[in-house]
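Going by the order they are written in, the chains are A, B and C; count residues from 1 in each one.
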C-alpha cells in the first residue's frame, strides 16, 4: 500500500476513534448529569406546579420498596383532545418527579391501551374507567400502582377537573401501598349512605364520599341496633334524628374504651329533608353524650351567619318574585374561621355547611376540646323545625341574633366518664354477650364532632359532569370546597393513618380559565339582564306548570277546559322563553367565534406581515448606511 | 521567503504533485507555467495553506502551516481560480469583510478601501452586488479583497483572465510594482503574461517541476527564441 | 478569537437577510406557529397561562425550519468555491464554525422574539405565568441551538443545500423520536439503569422538562453537549474535507 494511503487511513482512523470517544463522553456526561441532577430542578412556575409538597416529599422519603406504576394512556387522547393532551403531559411530568425524587424506587411504565388489545383488557380488569369523551372508542387515562407483594391501588381516571388534587391523589396511592393493611372504618347512619339494599334502586348506591373513602379503607356498615361497636379502627356516626338508646350506650362505652369517633349530628338535615320529604322526625338525642365530651350542643337550634352566608334565589314572600339573596343558614366557612393549627384543618380554604347546629366548647378534667370550624360573631339561630319544614323566607324572618361565635366542628381528646348513672343493661340479656360496663375511660379517646350532616352532600363540595347525590364514580369530580378533605383527614387522623394525613389540595393562583370562557363571560355581560329576566320568567312558568300538573294528578276533576288552556298557554310561553335563551346563547357563541377568528387571523397573518415589514425596514436602513459609507469613500 | 522541500500531494491514487523543491525570495515575481492538469492550482492551494501536503514541507518566512497557520495566512493574499466572491454582498461590503478578516482595524478600513478602489477602478461598482459584476470586475474585486492587508506574498491563480487589455496592462504593472518589496506568484498558461512580467518561471508538467528559470532563458531553449515553442517542446517531450 | 467569531457571525447573519432567506423562514415560522397555536393547539379552549398551545408545537416547527437556515451555511461555500477564499483568510477554523453556528442560532432567537406578540396578547387577557413562559422560551432557545449545531454539521458534509436540508431533518427526527429503549432491551440492562440511560439521552424528556417551566442542570448539559458534539464534528469535517 502506498504511504499516502496509509497516512490517509491513519488520519481517518484517528478521526473515527476521536468521534467515538466524543460520543462515549457525550453519553457518559449526560447519564452522569442525569443521575446527579435530575432530582433537583429549579421550578420557575409561579405556582410551583412542578414542586412536590413537603408532605409528598416525606411520603417519598419513606418509600422502602419498589412501587410500579402502570400509566394507561390511550394515544388517541392526544390527537382528539388537546386539553387532555396537555393534562397528560402534566401527569407524566409529575410521575417523573416522583420517580426522580424516589431515586427510581417508583418506576413508571406508560402503556397505550389500544382497542381490543391485551393492555385494554388489563386496564379494564384493573378497574380503569373509559373517559367520557368519545362514544365510538374507549379511551383510557388512569394508573394502577402496585408493589412486589401484589397489592394494588387504582386511579380509575385522571381528569383535568381534579388538577389541584393530582398530587394528592398520587401521594395517597403511594402511601396506601406503603401501608398495605387497610384500616377498617365503621359507618353507622340513620340516613342511607351505603348500599344497604332496602332503598329504591336509584338510591341504593354508595355516596361519593364513601366511594372515595373506600379507596383507602374497608368500610363496614354498622347497625344502629347494636349494643356494642364491633372492632373497627374508626367509627363514623351520622345522626339526623333520634338514635336508639342502646346505640347511645354502645357509643358511650366505645368512647370509654378509647374509641375513635367521627360524630356528625344535625338538628336539620337537608339531605334527609330531600330524601324523606314531609316525614316529621325528632332532633338527635345526643346532647348528654356531646356534653360529656365537652362539646355542648344547642338542642334543636339551627345556626345562621350573616357574614359567612351564601346567596340563593328565593321569594321573600308568597307573591314576590324570587330574587338572589343571602340565606343565613347556608354557611361557607372561610379560611379565617378554620383552625390553622390543627393538622385536621391546616391549609383548608372553605367548608360549606347547611343549617348546622351550634356547639360551644368547654375543657374539663381528663379531656381537652379544640374548635376546628367556627362561625363569625354575626350569628343567628332559629328552631330546627322551622328550618326543616318552613320555607326560606320564614326561616330568615324568625332568626334571632346571637352576636356570638359558635363552633361547628370540634376535636375532643382524652378520658371521660360514662353518661349513665349506672349500667342501663344490668341484668338484661345483652349484658351476657357484650363487654362489661365501664364507668370511666380505660384508654384516651379521640372524638371529632361536626354539627352538620349536609357537609357530606356531594353537591355541597364538588362540581362535575356526573355529580349527583349518589355519583357512581368520582371520575370527573372537581372539588369546590374542602368538605371532603376535612372528612378524609378526620378519618385519616382517627384511624391512625397518619402517613396519608395532610396531603391536601394544591393551591394555584395562576389563571385556570380558558380565553373562550373569558370571552363568554365578557359577552354574557351584554346579555345578562335579558338572560336573567327570561330565565327567571321561565323558572316561574315551569313552576306554575308543575303545580297545575300535580293538582291534575291528585284531582282529575280539576282538568277543566280552562285549566287545559292555561297549560297550553304556559307550555307555549315556556317554549318561547327557551327559544329566547337559545337565541341569546347563539348570539354569544357567534360573537365569540367571530372574535376568535379575528384574533387568529391577526396573529397568523397580520402581525407576521407587520413584523416582516419592520425587519425589512431595519435591513433597508443598514443597507442604506452601508451605501452611504461607500459613497463617502468614493467622494474622498 | 518561501522554501518548498520535496513537496508532494496525492488525491487518492493520483499524484498531483511530486517532489517539488524551490525557494522564492522577496522581490521576486514568479510565474507558475504548465499545461492543464500540470498541478499549478494544487501547488498554489498548498502554498496558500488551503490544502495540506501529502509529503514534504513548505516554509514561509521560516514558519510552517502546522504550527503557525494564522500568522502565515496574514502574510499571504491568495486569489483562487475564478475569483470567488460572496454574491449577495456589495463590493464595498465584500472589501469591508475582507479587511476585517485580514485584521485591519476599523480606522484603517475606509482609507484602504478608498485606495484600492482607486487602484483597481472600482468606485463605480462599490454599491453594486458582487453577483451582478462582470468577470473582469469580479477578478479585480477579488484581488483588491486580498490586498486590503497588503500581504507580503500574493498568490494569484490566472489573475488576468477575463480582463480587457487595458486592465491587463494596469494589473501587470501593479504586480511588477508590488513585487519590488514582496513576493508575487502567478499561475498562467498565457505566454504573453510571462513575457510581460519578465519574471522567474517555474514550469510544471504532470505534477513535476520541469524547469525553474527566467522567461528569457526559457525562450532560449527553442530554436526560434520563442517562449511558446520552448513551452511546447518541453511539455511535449515529457509526454 | 471573539473578534473573528463576531466577524463571521455578522457576515452570515447579514447574509440571511441579503439572500431574503431570513424573511422566508421568519414568515413561514410565524405562520406555522400561529396556525398550530390557534387551530391545532386550540388556543382559546386550553388553559394557556403558560402558552401551552404555542410551545406544544415549537419543537416540530423548529425541526423543520432550522435545517433550512443551516443548509446553506457550509454547503453553499463548497458549491460556489468560496470555501477556498474563506479558509485561506487568517481566521481560525473554530471561529468560523462557531461564527456560522451563532448566526443561525441568533436568527432562531429572532424567530422566538418575533412570536412575543402572542405572549403579550395572552398576558393582556389572562393572568399568565410569565416565568414559566420565559423558561419555555429559554428551553426553545437551547433546543434550537442544538438543532442549529446539528444542521451546521450536516451542511458541512454536503455540497448541495437541498441534500443538507433533507439529511438534517432526518437526523433531527431520529434524535428526537428515538428513545433508546431498544438498545437497553437488546442488551437487557437492569430496569433502573436502563431508565436512567434512556431518560438522560432522551431529547423529548429534556424538552418536556424545560417547556414545563423547570430548569435542571442536566437539561442544560444535554443540549449544550449535543451542540458542542455537533460543532466539533463540524470542525473535523471542514478540516477533513480540505484534504
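Things to note:
We take it that a residue touches a chain if its C-beta (ideal position, glycine included) is under 8 Å from a C-beta of that chain, and two chains touch if they have at least 3 such contacts.
Worth saying up front: this structure is predicted, and the values here are computed from it rather than measured.
Closest to the middle of the protein, by Cα centroid, lies chain C.
The chain pair B-C and the chain pair A-C differ in C-beta contact count, and the higher one is A-C.
Computed centre separation for the pair chain A/chain B is 83 angstrom, with centres defined by C-alpha atoms. If each chain is reduced to the centroid of its CA atoms, chain B and chain C end up 40 Å from each other.
Our note on geometry: chain A versus chain C, Cα centroid distance of 43 Å, whole angstroms. Counting partners per residue, chain B has 93 as the residues that reach two or more other chains. Shared contact sites, meaning residues of chain C that touch two or more other chains, fall at 14. Residue positions of chain A with contacts to 2 or more other chains are absent.
Listed in rising order, the residues of chain A touching chain C in the complex are 11, 15, 18-19, 22-23, 26-27, 29-31, 33-38, 40-47, 49-50, 82-83, 85-86, 89-90, 92-93, 96, 99, 104, 107, 509-516, 518-519, 596, 599-600, 603-605, 607-608, 611-612, 615-616, 619, 622.
By the touch criterion stated above, chain B contacts chain C in their complex at residues 11, 45, 48-52, 70-71, 73-74, 76, 78, 80, 82, 84-89, 93, 97-98, 100-103, 142, 145.
Across the complex, chain A meets chain B through its residues 2-5, 7, 626-627, 629-634, 636. Residues of chain C that touch chain B in their complex: 4, 7, 11, 14-15, 18-19, 80-82, 84-85, 87-92, 242-243. Those residues of chain C whose C-beta lies close enough to touch chain A in the complex are 14, 17, 22-23, 26-27, 30-31, 34-35, 37-50, 52-53, 56, 114, 117-118, 121-122, 125-132, 134-135, 191-192, 195-197, 199-201, 205, 208-209, 212-218, 221-222, 225-226, 229, 232-233, 236, 240.
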